[in-house]
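Two complexes, one shared chain (subunit A), two partners (subunit B, subunit C).
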Partner chain A sequence: MEPPIYYSKAEFIETDTGNKVSRRATIAGPQNIILGGKTIISSGAIIRGDLRRTGPGHAVVISLGRYCLVGEGCVMSLSVTLSDRPPYKTYRGNFNYYPMKIGDHVHIGANSVVEAAQIGNHVEIGKNCVIGKFTIIKDCARIADNTIIPPNTVVPALSLFSGSPGGFCRFVEDLPESTQEMVEAQTKQYYTRFQPLDR
Partner chain B sequence: MPPIRDKFTIHSKAVVCQDVELKGDITIGSGTIVHPKATIFAIAGPIIIGSGCIIEESAILVNRRKEVMRIGDDNLFEIGCRIESPSVGNSNTISTRARVHHTVRISSYCVVGAGVLLVPTEDQVLEDYTVVYGPAAEQRTWSGRGKVQEADLRRKHAEYLREMLPKFNRLRRGDGT
Partner chain C sequence: MPPSVRYHCPCLSNSPFPPPPHLQSSYYSFHPLHELFFCEECDAVRCNRCVTVEVSSYYCPNCLFEVPSASVRAEKNRCARNCFLCPNCRNTLSVVPSDPPDSGDGRLTVPISSLNEPPFFLYCNHCRWDSAEVGITFEKPTGLAAQLQKFEDSAPDSLEFERLKEHFEPFIRASSLSSSTNPSHPTAHPSSAAHSHHAHSNSITAAASAALARDVPGVSKYNPLSRSTSSRSATGKDRSVNKDEMPEYRSRLEISKASASGTGGGEADVEFMQHLEDIGQVATLEQRWFNSWATPLQTSELKPLRIPLHSKRSKRCPACTHILIKPEQKAQSVRYKIKLVAANYLPAITVALPHAQRLTAELARKLVGKTTSATADDERSSASDMHAGKTYPFHLALSNPLYDPITVRLSVQRMHVSTAPTTKDDGSPEKARRPPFAVSLPTSSFSVAAFAEAWEYEDDEDMFGADDGDDLPGRGGKETDSRGKVRTVGVLEKRANVTLVGGEVVIGKEARGNVKFNMLVSYTYRSDDPSPEGNDTEESSKTTPEVKTFAFYTVVDLGQIIPREEPKADSDI
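This part shows the complex of A and B:
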């Protein structure tokens, strides 16, 4: 078991379902965001729930599953800015933002910008990544650090992507079938390691 | 260096969120949208932003020169980009996490791709319809196809934001009002 990661108790708000949200994260339109439980949102993260579909009533803009982490490794750093915002386009002449769905056990690294339409379960996204609009990332995929994924890409299940458009190859290799169990164990362990420090 | 004097002139039809960092002499034109957490720094000379621009979160506009930094109409500055160019024309797109140095002047209808570092040591002008992309900042010229659709999307995007942003965010007003 690795050593715990401490955070100051005053900085984070813990909800009944075990979500830990930093007070230093920028969360716009919180009524449109669903957190699945045991999800950590680090300081400096920006989550845009205000960019919603037009129309009456409530609209879920961003839904995150269980054991997710937004902005890993930036717990101590203030300069980190990470952004999670839904994608937009015009359809039949109407402009709209579209909802974003993120599955369980998803880790998103520090400084990444995510505008995906859908992210499956057990996905790992590295640091400094840019995930283009309407990208679909399937289950158990991994995105290496500093990767730029162009808009409308589909990342297949159990694949590792890296590089940037105009650069070298984007698909690197297939991941082993044990990825699901490994990522699940890893994210659960991260949540247990993430402990408050009274002071 | 004298201290920076703040002077914000924000058009009554512009939407500037409260959580925006402004410093120096800044003029924001009608219908321009500044998302929360954006930064506009007029360190030496003033910054004048035209109408209908969209400046997304954590984008940074900096003017290090003495002269006026002029930004035209209908430009889109996406998340986390950093612009120091002394002049920007109309209808440009600066994509996510792109960086443009103060040696580059941007004309109109240019696209700077995601994560591009455009930092030439000598002065350079990006001609109309230039597209910059990839890790080596390669350049090509856009044929201009789909320009009307692109402009239409931009206009609708700004229109949507002008309606939706004030519902969820506090707005900032200029000195005059």
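This part shows the complex of A and C:
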């Protein structure tokens, strides 16, 4: 029913597994980033795969699951400056980055800054959010638009968090039991609606 | 706002008919489909307002520890591990070790976790509050709640509260006993008719009224004797009925001296207020009463609070007490052992305005690769406008969640014309009586094919309707020259388990408000029928007893009407 969301075919690269990555997105250290398939990286998004653990060898810094969306609203704007950056802290005297894992069916809204350690499946993060370092977001949680989640927060499953800018976030309510099905349908639909347009 | 469909739950009133849709209060009778439950026993829709809720498990929202329900009460409904809320900003506090002793060379020392130097204290990453400010430090970084417990237990407030509980416990036990024997109460005392209402009041209210009549130190005694003699006899009897057998409670501390011992009030506060330099020094009410263990006036004295527990809840049908929702025991699991949600029983209905859809689609095409977003938002919202005095088609897509085909019949509930929304805005009553809009829906019943799992379809386009883009121009051409010539009302499309039907709304010239109407959806389904031909509208088996019918109301909101007077150009139509 929903009208398609068009993107220009020249701008996006589509991989074998259906990932659609904008050429206008800044992706640093792509060898350290895993996309699960059918994931959309919108234009203007910044993903820092180069900030990895010190030490030799190959390391996965950021992994995203299937049907994810980073930086929504690419049809309307290119001003999306979403910076996914792995969490870091100083431990045993060493400054270090920690990997970031994002599950399936996760939508991250435009202009959000995500530094979370772990995001579960079926999570919706609104626009203009700041997700602090080492935040853990469990399955089916939702972060409202313009929310600031301070570092080290745990967002339990099926809960809605919201907070005004300059303020701080808090638990608002439990989400309905069928959130998982809803989000799954929405994210799948979004992927099908996201269609190329030759120009 | 996009057009929406909400489903009716009849729990708020006794009548099976929903309230008129334009009333503000009707909002509470309608819910989105995904928030509703379905009781198979009662064959009825249930909502969050009418189900009975019980706690199935408790957990801490921060450490996600599942607290056994036996220990919840002893731990006062809060996490008894390491989870604390910042009294200043409600963020979660983290435990940090003390800084290593300053090396003295003036270099900024980085806090190094490896040194693990006691004392440990709680630190807020958001507002930089730390518990060392209020004198709370820990010898070891684990079991903080237990370490704090002895301070809490020895605090004068909690000791006082414990004593109060002890004091009232025998009385409450006695009154709960007597309330069970209350029915015999009025027969034992056939007192004056004027006091017959006392027979209905339970022992708690009796105790409360007795407590009100008691001597309060420092307050001159209210003497009913001086008022009237009749009331004296009444109170006399009353007293004999509910004898206040409670011994007088003596507090541990004299309240007049309490301000000296730091409970606030009195001259200490005046002193503090006189030297106030910044409003931030005074704790806000929220900080005092919700975020802090103590309730001090000064921000610098706020104490951290353990994090309140959350619960997972199971839900029951209010009529037959069958379980509708039963979560899994594990706290962070999003699965359910029992989950009877309405979305698995009722057809899901989505509504769309094709003229708006077409415009947004064109807009999307136009805007590919453009940078401005503000104009797009503007145009997008104006695209779905409906102007007074025009006719608009709309589409309803019904998708069937059942494994059997269903036959659906739609009908519009008759509007209560007298309370139409036009009455409140423009004064003329004759015009107001006219219904602001008329809705026409397909009158004959139509079928919606059975739900099938995704892999049973041949390609993705069947499932998701990815061919919308190709369809739209064709459909659009049909509508622009419609005006009754081309059929817009009726079944438009059938695809997988979705049937698209068209309706039409004729908006009156004086109409304003929202196009919002109640729609009755009734559907029949054959409970166990293996025959796959669900697409026949002529169902021969309609009379067989296997056919079941279910009907429910929905409210369809197509959006706001733009009144005629407004100078808004209809260029976008």
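Note that in this section the second predicted complex is superposed on the first by the 191 of 199 C-alpha atoms of A that agree within 3 Å, B and C clash if a C-alpha of one lies under 4 Å from a C-alpha of the other, contacts with A are read in each partner's own complex, and residues count from 1 in each chain.
The criterion applied here is as follows: contacts are C-beta pairs under 8 Å (C-beta built on N, C-alpha and C of every residue); 3 or more make two chains touch, one makes a residue touch a chain.
Predicted, not measured: the structure shown is a model, and the values here were computed from it.
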On the superposed three-chain arrangement, identify whether subunit B or subunit C touches more subunit A residues.
C
One more residue to check, A:E184. First (subunit B), second (subunit C), both or neither?
neither
In the overlaid three-chain picture, which partner chain does A:G132 touch, first (subunit B) or second (subunit C), both, or neither?
both
I'd like to know which partner A:P4 touches here: subunit B for first, subunit C for second, both or neither.
second
A:D145 in the overlay: touching subunit B, subunit C, both, or neither? Say first, second, both or neither.
neither
Both subunit B and subunit C touch subunit A at residues 90, 132, 150
In their shared complex, at which residues does subunit A touch subunit B?
26, 28-29, 46, 48-52, 54, 81, 83, 85, 88-90, 94-97, 113, 115, 128, 130, 132, 148, 150, 164-167
What residues on subunit C touch subunit A, complex-wise?
34-35, 48, 59, 61-64, 89-92, 94, 110-114, 125-127, 310, 313, 325, 331-334, 336, 339, 341, 343, 350, 352, 357, 360-361, 364-365, 367-369, 371-373, 376-377, 395, 397, 460, 464-466, 468-469, 472
Going by the contact rule at the top, pick out the subunit B residues touching subunit A in the complex.
19, 36-37, 57-58, 79-80, 96-97, 113-115, 133-136, 138, 152-153, 156-157, 159-160, 163-165, 167-169
Given the complex, residues on subunit A that touch subunit C span 1-8, 11, 73, 75-79, 90-93, 122, 132, 138-140, 150-154, 156-159, 168, 170-171, 174, 176-182, 188-189, 192, 195, 197, 199
